[in-house]
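Below are structures written as structure tokens.
Common to both upcoming complexes is subunit A, partnered first by subunit B, then by subunit C.
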Partner chain A sequence: MEEHLVDWSRAQFALTAIYHFLFVPLTLGLGFIVAIMETIYVKTGNLEYKKMTKFWMGLFAINFAIGVATGIIMEFEFGTNWANYSWFVGDIFGAPLAVEGILAFFMESTFFAVMFFGWDKVEKGFHLLSTWLVAIGSNLSALWILVANGWMQYPVGMAFNPDTVRNEMVNFWDVLFSPVAVSKFLHTIGSGYVIASLFVIGISAWYLLKGREILFAKRSMIIGATFGFVTSLFLTLSGDESAHQVALKQPMKLAAMEGLYEGKTQAGIVAFGILNPNKTLDNDEHPYLVEFEIPLALSLLGYHNVDAFVPGIKDLVYGNESQGIESAQSKIDKGKIAVAALEAYKEAKKANDDAKALEAKSTLMKNMHYFGYGHLDKPSDIVPPVAITFYAFHMMVGLGGWFLLLFGVMLYLATKKEIENYRKWLYLSLYSIPLGYIAAEAGWIVAEVGRQPWAIQDLMPVGIAATKISTTNVQISFWLFAFLFTVLLIAEIKIMTKQIKIGPNGGH
Partner chain B sequence: MLNISNIYNLYLDGFRNMQLGRTLWLIIVIKLAVILIFLNYFIHDRSFKSEYTTQDQRVDFVYNNLIGEK
Partner chain C sequence: MGFEALDLLTLQHYWWIIISLLGGLFVFIMFVQGGQTLMDRLSSNEIEKTMLINSIGRKWELGFTTLVLFGGALFAAFPLFYATSFGGAYWVWMAILFCFIIQAVSYEYRSKPNNFLGKRTYEMFLKINGNLGVFLLGVAISTFFSGSEFKVDSNFFVQWQNPLRGLEALLNPYNYLLGLALVFLVKITGALYFINNIDHDAIRERSVASIKVNMIFFLIFFLGFMAWILSKDGFGLQDGVVVMQKYKYLHNFIEMPLVMALFLIGVLMVVVAVFVTIHYHKSCCIKTGGVGVVLTVMSLLMVVGFNNTAYYPSISDLQSSLTIMNSSGSHYTLSAMGYASLMVPFVLGYIAYAWYSMDRVKMTQEEISSPDAHNY
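And then the complex of A and B:
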């Protein structure tokens, strides 16, 4: 496959996914914040909370309306740019996406309408239930998407059918409860909760800086900061579990996240570092220009054991016999046996030679785990872009730490002090809104760039997943998508800022 | 509890009394038109399913790519 084409298809999918995920996280988190506000209103009867609920619900609606259906473009891309992949994954990918589509349609079209149109028309309790169901429904939608993504990172619960050259689901529960899918889901929704909290405290801070809607802003700040602080802790725990799963299932990604070339026991985490740009797989240059390491932390967090051996990039490429790590070359050899066995199987079936077909199938199944390696040229092909993965990971973690501190401080100031006098912190809250999105996108970059060259871990590299189509067509659609999404983003920002300037007493 | 007529009125009144919602619905309609008509029929008009209509054709296509593209 022409590399240029694969890169453009990859860039196009990355662009669509990154833009799509600018809209998703706010929906995931703001739904719950709104539901909490409405719960307080229903419990206390205090109309200020009703006003808060309606205002933040309006911003939720703007984000939802602009973001809805942007994910459909990715489904088109599967059919056009990633045909081999789409066929190869079979119903494993299709089933969760279908569940997501049906669930989203029914829950959202029903309860969304009650949530927005039902004020004073349905009972308070039923309205509140609808609000909670919209929040839960949007999170359940995310579950199915992340189950599909989790399967790509750690394919389980399926069997390869050489007659149809596609994978078939044999255990739905293995797919649904795969530890990678579960930790990915929890970490991703956690990031949505944190982004929504940053959004609420940032806008509340803006009102306080302007001296407007003081009571409304203070109460919103308390709810946003509380939700943000609690969910930041949850994000930290789910991130720890995510990293543990990466260590077990995708050790190359972990090595790239840390810029770790030589594996070691009692490995430390480089909390802050600058990579040496001259470092390559085959030279002995030091991997970092600057590094600040926390001793033992990588072994502890990755494997929950301070003495654990953490394999480096070189161990995974060249193998490490003493640690029982197989070399990439050995896996490539087995992969080529699997690919040849598939070919032999098909030829034997055509020739109606059942004995040969059976033998080829047996060889294929024995080596199927390495199938994707059969399409790689050299061992170093299994190394992802280290610098992008390393910096994206460190940016995500660093920002996550900042958010936890910010929520803690803002919660303290909002409950114990005259928060409007702490203008620096209010500005920091306001300016932290985009940082939440940067952290979330960085997280996706770690997840997706860090697992290159794989479209499906160990089974299908991106180069084979792509369809042979005209590069010019992909380039044209890339720029069209960029234009469309940019227009949508500008529309969202303009409508949001207009509505925020109108304030909580405006119309919906 | 809502009956059919109440549900109808809920939607009708809701759509009639929308303010910001009108702009949002306009954006949704334009976006869906662009995605489902323009992109679907002019940019992604030739998909795997439209090019290879039978299961055998699809199997052969993917099989050849898995075998040939080493």
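And then the complex of A and C:
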């Protein structure tokens, strides 16, 4: 495959995914917040809550449009840039995407129109139902796409078919209820709820700082902080479960998240640390320049057992017999056997040599578990970029802790005190809006960079997955996307900030 | 009895029907795209233009969603097509995607203050989407009949043979026929929709006038397209080998009378819808015309997919051509997804209900001018 092609294909996918995920989380959470506000309006008949609903709904729409625009690219890019991947696992991977379309997107888009234009056209109850259905629809779409993503991280429910040279689904429920998919879904929607809450309390804080829309801002603050506090707790729990799943299914990712080179029992978590840039796989430098460790925490978090052995990067690359960890070289050897056996099988089939085909197939199936390793060159290929994964993980966790504290304080101030007097906290709320986005993107980076080099864990490295195309084509489309999405992002931010300045009373 | 009990060939046919239905629904809902190109011609002032844009603006997402579902269903049911066509004809699909990205933001951002690019730019985006996006889709679908330049290797990985990566379809003049037919068709359905949805005499009159003109262009290109496919050699499957067959698509129509009936009824419904609108001043006809469009597109996709035909043929290597048999998902996936497809009528049902509830009363100038309206 052409040099750099894979890097550009990855860059383009990363670019579109990062842009898309700037908009998705707000949609996931704000949908529910708006639905809660409208429910209060319908229950109490208080028109202030109707105004509140309409204001936040307006911001929802601005964000939603660009989320849709970036989302369509994500779906089609599997085909355009990862064509080999699309064949190799399309039989499994395509299903959740199709179900997403049928079950989620239509619900979202149909009731979106009712929610925005139906205020005077349909009954109150039907309108409220529509608002809830938009929120549920967008979260359902998150479910299906994260089932697909979870499957890439932990492929289950399928079997390899050498005749079609692809993996084929054998159990839909295994794919849907994969523990990785479930924890990933819960954690990701949790992050969306937290971002939406940060968005609501941040903007409410800005009004309070300006001395505008006081009653509106206080009410929004209470709803936002309550929703944020509850969902932050949920985010912490689902994050714990996600880390546990990573430990079990993707130990290399966990080692990279912690910069752990030498495995150990009773491993601690480096709560704060700076990596030593001179550290490589093969030297004995200390991995950190600065470290502050919480003892036992990693064994506990990863395996729910303080005495558990947490494998380090070296254990996974070179193997660790005492812990029963196979070396990457041994896996690569078996993988190469599998790849060769597949070729032998195809040859034998062509020659109508059934005996040979049967033999090749049996060799293939014995080593199929290592198939992806057959495409790697050297053991160190299985190590993801450690620094990016490490810092992204720590940033995410640190910010998550801060958000929980912030929601708690703001909820207390909004209900028990004269909140407008606590200007520092109001400023902190405002400045935490971008932090929410940073945390969410960092989470994606942990998930996606940390699993490199795999497009599908242990089955297909990204290098094989990419469409065969000259690199220039992907470079051109990369820059086109970068330009277009940046322009649209600027437009979105400008429109959004203008609408916030105009405010819920139309600037009066 | 469930989907598991059906044999693979039946499931492949079932799924091709579903894909054809989605394709038909997508072309129908592209009245939104057609409407986008008419916003200047059918309006004489800003309020009228705003009415037009808001009228279709309440439907644009359905089209977008249908496109996404069309992609997802192809991925699940015919993954080799998904990999081969999207990965191979890279630039055609990229160009189509760009035309749709710019649509998605334009409604919401067009009339908002401080929108960075200005109203005219967003309106231009809508026109690009409605003209170029639709045209390119037509060209892409036309390659189902004209063929593409690719090989599929022993791993079923696509090797595209032309460095233009799909844009070479534009070098074949025959592909323009369907592209342009589609462009004019959606202008007709767009106008039919406006007539149905907006209560405004001048807009109605201009819509009728535009239908008259666009119908002529549509007929020229559509009949040209039909003449081309009915007279050309097609890519047939004979004893497991793809061969060129004389009048393949004509034979397919004749050998599948049900499909031919579907086609004729579909075309007739479109013609009747247009005729009744022009001569009897009815506003009903987006429904009749819409069903007609769905049936026509469905029948064309069935002609190219059924009766041992390669629906995505390769002119570089005939044996690399895709048929519904060699490009489909596994028996398990097709049957599992069969259950998911049962949701389609339910989804269509609630869309129709929501649509009915929203459009019971036609859009008026007063509604759009009301101070607390959420306008695009």
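As a working rule, the second predicted complex is superposed on the first by the 499 of 508 C-alpha atoms of A that agree within 3 Å, B and C clash if a C-alpha of one lies under 4 Å from a C-alpha of the other, contacts with A are read in each partner's own complex, and residues count from 1 in each chain.
Just so it is clear, a residue touches a chain if its C-beta (ideal position, glycine included) is under 8 Å from a C-beta of that chain, and two chains touch if they have at least 3 such contacts.
Here the structure is a predicted model, which is why all the values come from computation and not from measurement.
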Exercise for the section: Check subunit A with both subunit B and subunit C modelled on it and let me know: fit or clash. Expected result: clash
Problem - Which superposed partner A:V339 touches (first subunit B, second subunit C, both, neither) - result: first
Exercise for the section: Using the touch definition from the top, say if A:I102 reaches subunit B (first), subunit C (second), both or neither. Expected result: second
Problem - Partner chain(s) touched by A:I73 [first = subunit B, second = subunit C, both, neither] - result: both
Problem - First, second, both or neither for A:H375, with subunit B first and subunit C second - result: first
Practice task
Would you sort A:V114 into first (subunit B), second (subunit C), both or neither based on which partner it touches?
Solution key: both
Practice task
Tell me which partner A:V170 touches in the superposition: subunit B (first), subunit C (second), both or neither.
Solution key: second
Exercise for the section: Could you look at A:A65 and tell me whether it touches subunit B, subunit C, both or neither (first, second, both, neither)? Expected result: both
Practice task
Considering only the touch criterion stated at the top, classify A:S86 as touching first (subunit B), second (subunit C), both, or neither.
Solution key: both
Practice task
Tell me which partner A:L480 touches in the superposition: subunit B (first), subunit C (second), both or neither.
Solution key: both
Fill in the blank from the handout: Of subunit B and subunit C, the partner touching more residues of subunit A is C
Exercise for the section: Show which residues of subunit A both subunit B and subunit C reach, each in its own complex. Expected result: 58, 61-62, 65-66, 68-70, 72-73, 76, 79-80, 83-84, 86-87, 113-114, 116-118, 121-122, 164-166, 346, 467-469, 473, 477, 480, 484, 488, 491, 495, 499
Problem - subunit A partner contacts - residues on subunit B that touch it in the complex - result: 2, 10-11, 13-15, 18-21, 23-25, 27-28, 31-32, 34-36, 39-40, 43-44, 46-49, 55, 58-59, 61-63, 65-67, 69-70
Completion exercise
Counting only contacts in the complex, subunit A reaches subunit B at residues 1, 58, 61-62, 65-66, 68-70, 72-73, 76-77, 79-80, 83-84, 86-88, 113-114, 116-118, 121-122, 163-166, 336, 339, 342-343, 346, 374-375, 463-464, 467-469, 473, 476-477, 480, 484, 488, 491, 495, 499, 507-508
Fill in the blank from the handout: Interface with subunit C, subunit A side, in the complex: residues 54, 58, 61-62, 64-66, 68-73, 75-76, 78-84, 86-87, 90-95, 97-103, 105-114, 116-119, 121-122, 126, 130, 161, 164-166, 168-170, 172, 346, 467-470, 473, 477, 480, 484, 487-488, 490-492, 494-495, 497-499, 502
Practice task
Report the residues of subunit C in contact with subunit A in the complex, numbered from low to high.
Solution key: 58-59, 61-62, 64-65, 67-69, 71-77, 79-80, 82-88, 90-91, 93-94, 97-98, 100-105, 107-109, 112-117, 154-160, 163, 165, 329-330, 332-333, 336-337, 340-341, 343-344, 347, 350-351, 354-355, 357-358, 360-361, 374
